[in-house]
Amino acid sequence: MTDTSRRNFIRGTASAALLAASPVAPTARAADATKGRLAYEYQHVPVPLPFDAKSLQGLSEKLIQSHWENNYSGAVKALNVLRGRLAQAAGDANTPPYVYTGLKREQLLRTGSVVLHEQYFANLGGDGKAPADLRTRLAASFGSYDAWETEFRKIAMGLAGGSGWVMLGYNEQLKLLENHWMADHATAPAYTKPVLVLDMYEHAFHLDYGAAAAKYVDAFFTNLNWDSVAKRL
Amino acid sequence: MTDTSRRNFIRGTASAALLAASPVAPTARAADATKGRLAYEYQHVPVPLPFDAKSLQGLSEKLIQSHWENNYSGAVKALNVLRGRLAQAAGDANTPPYVYTGLKREQLLRTGSVVLHEQYFANLGGDGKAPADLRTRLAASFGSYDAWETEFRKIAMGLAGGSGWVMLGYNEQLKLLENHWMADHATAPAYTKPVLVLDMYEHAFHLDYGAAAAKYVDAFFTNLNWDSVAKRL
Amino acid sequence: MTDTSRRNFIRGTASAALLAASPVAPTARAADATKGRLAYEYQHVPVPLPFDAKSLQGLSEKLIQSHWENNYSGAVKALNVLRGRLAQAAGDANTPPYVYTGLKREQLLRTGSVVLHEQYFANLGGDGKAPADLRTRLAASFGSYDAWETEFRKIAMGLAGGSGWVMLGYNEQLKLLENHWMADHATAPAYTKPVLVLDMYEHAFHLDYGAAAAKYVDAFFTNLNWDSVAKRL
Amino acid sequence: MTDTSRRNFIRGTASAALLAASPVAPTARAADATKGRLAYEYQHVPVPLPFDAKSLQGLSEKLIQSHWENNYSGAVKALNVLRGRLAQAAGDANTPPYVYTGLKREQLLRTGSVVLHEQYFANLGGDGKAPADLRTRLAASFGSYDAWETEFRKIAMGLAGGSGWVMLGYNEQLKLLENHWMADHATAPAYTKPVLVLDMYEHAFHLDYGAAAAKYVDAFFTNLNWDSVAKRL
């Protein structure tokens, strides 16, 4: 996610919605970006799917396409609009703090959605076979690879029927590799690098599996791209 | 936060509560820790205050001591106990996922409390004078240093009377420096490095200021340790 | 929801899961229920759909059946099991408060799911035509019937892509009829009687509409049973 | 809470802040209130403390006064302002749903704060002696009066160090008397009548007890007004 070709800096807001809605490759962030007000003006551009939407096993093209377009790209678009709203409100002394924080919560929620969805899609497109060194690494934290997978799936099933994420993450402060339950896009372990994330919002599977969440988790594991996990660790 | 002298690995649980309750310097993590089950067995040891509790301006020794001992160290202790409970439940096939996630939420909450409190205390003990290069860096994201401080304080006041954190954080994925509203220890921006965190739980200030949250935020800025901010950026 | 034939009191836990999983008409609460420990022993029995699952317009039998069986009845079952777990933990002095509250949160979440789903299904099965007196009543609080519907739909769309409920509720303390945004089953306005509730969890519509939440809200209004709304007001 | 003398309807917003900030007895709701837009225009007036702030045992006048004035009345004021903001945004077709829901969340939070604080203060000012019939009633749900108190206190201690409420509530739909854990003002059991509520936000006790939450809970029970509990049951 360090590639600048994936991001873009747009001063105005006019073209933002347009850009945000189309999966075109973003141009580089403008050279004078550091002189701007990135916190208020940065306009994210959706990162294209890192695999062919037709290529997954047990996750239909229709589902993946809708997930990318409506849920992920929708969050990008909302986040871009919210930045404009925040810029307005930040400069308005009449905006009470508790009105401002209403906007900040929405920003936090969409920020989480954008970041986690990008991690999620980057986790897919693989053959699901965990290489030996990663199995060993997981065993070092969880006792065994199976113990890790059991907990990861248990958290997923505890979220089934609702929304949220399961994250295998590396806590940069405690120096720990752990699985986390996250109730929504705004729930997250502080200062933690996502290593493997599973979307348990129902939009991630209902079109294909209805309420059969366990089957969706199976499909997630089948398509898991362990290379991306390896890079993050 | 990378110093291993601050962490410790204890196989049993017997001595954990004792250790967790006393601010002694922890011993090094055992050499064979990577062969264990750190996710379930890691026992954190409270990091001592990085400054003399008597030395802050406008924040009393009594307040700081209570904050460190009861709120921060209490969270460490709870987190250590929870890991033991999780180990039990993870091995018990009769524990339904929705019971397990009850424990995971408590773990997430205490993990956030531990991480954020350590960041918070490390933010204090300074002279409050932001060096020119940091002011420039903040201006690059927020338009001006003052714009940054205005938003940071506005979020704080929006949380006043309740609980939560304000975080200036660097989003590792979006490559953005932003302020975030966080409703509690379990709310956080995903994949974000804390740079400057302000505790707005009422235990951080009521003993000294009652409901006068703005005065507490003033005191926070007066004692701000910009060196720690610089290191994180 | 006052009919005792809809509830049941079961001392043991053996038959609870069985009962909870089948939509049979529950028997009456045992006569000596008030001598028991209802808070820990009460076992809810799913209330059958108050309409034919095949009869709705624009909401398929498959969707409605899955919603009732998996999401609603699943919540009933989980809630019944949680009561048993709470009974165990309440009697165990070794259970720390922060472990106990993990269970209490799950109980709160499932309680909200059960209550709100029952209200939701009771809201459906009608012809969608708001009688004049109800339109007048809504106009008294919102300026006009249309203003009410506009806000109700706006809240729904703000939740689209995630989870939560929209509730038209009567606040018993403030004596106000208002629309509320609710992020999940555990979010609710205190001391408020639900009058009209709309499920915005994605399980309520993805099978039929995918991400097209607005079309689902249209279908909800088409099938709205205003008689149930009238009874609650 | 049914007394109309405690509420007031103000068309304009000019005098609202003034009124909201002073504990005067509100005048009756205007006769034509039902023709207005109460959902957007209702302006609540703080209910005076139902007891002398000096009269409680173990809870100082300073604490109680600050709690009433800053936390409770502050929430009333914020809620009144938010209604005006919602009225503006509701009429503005350019306000995206996810901006609107930011305001709705803040409204929900303050609504809970107002309702629960009024219940809380009405719970205090008594002699703490539970009459026999109430003890019997609680025993019917919890096995014994002591079992009820044990769970109520356990939930309180699980919230200590953070924020939230403990509620003994009567679920109008499930016909159950239960204790509930509530993480903040916006967390609540749906369709439940508060019977006894305990404020566990730290502003409720830190001035008097610091982090010693258990002592605060003791003081709460000492001053408990069981008459108010009886009336609600």
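Each chain carries a letter (A, B, C and D) given by its place in the written order, and its residues are counted from 1.
Following the convention adopted for this analysis, a contact is a pair of C-beta atoms (placed from the backbone, for glycine too) under 8 Å apart; a residue touches a chain by one contact, two chains touch by 3 or more.
Just so you know, these numbers come straight off a predicted model, no measurement behind them.
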Between the pairs A-C and B-C, the one where more C-beta pairs touch: A-C
Relative to chain A, chain with the most remote C-alpha centre: D
Separation of mean Cα positions, chain D and chain C [Å, integer]: 24
Centre-to-centre distance between chain C and chain B (centres being mean Cα positions), rounded to whole Å: 37
Where chain A and chain C are represented by their mean Cα positions, the distance between them in whole Å: 30
Of all residues in chain A, the ones touching two or more other chains: 96, 98, 101, 105, 183, 185
Touch list for chain D against partner chain A, complex: 78, 81-82, 85, 96, 98-99, 101-103, 105-106, 110
Contacting residues of chain C [partner chain A, same complex]: 62, 66, 70-71, 74-75, 109, 161-163, 183-185, 201-203, 206-207, 210-211
Of all residues in chain B, those that touch chain A in their complex: 1-2, 7, 34-40, 42, 44, 90, 96-98, 100-101, 104-105, 107-108, 111-112, 114-116, 118-119, 140-143, 147-148, 150-151, 154-160, 171-183, 185-194
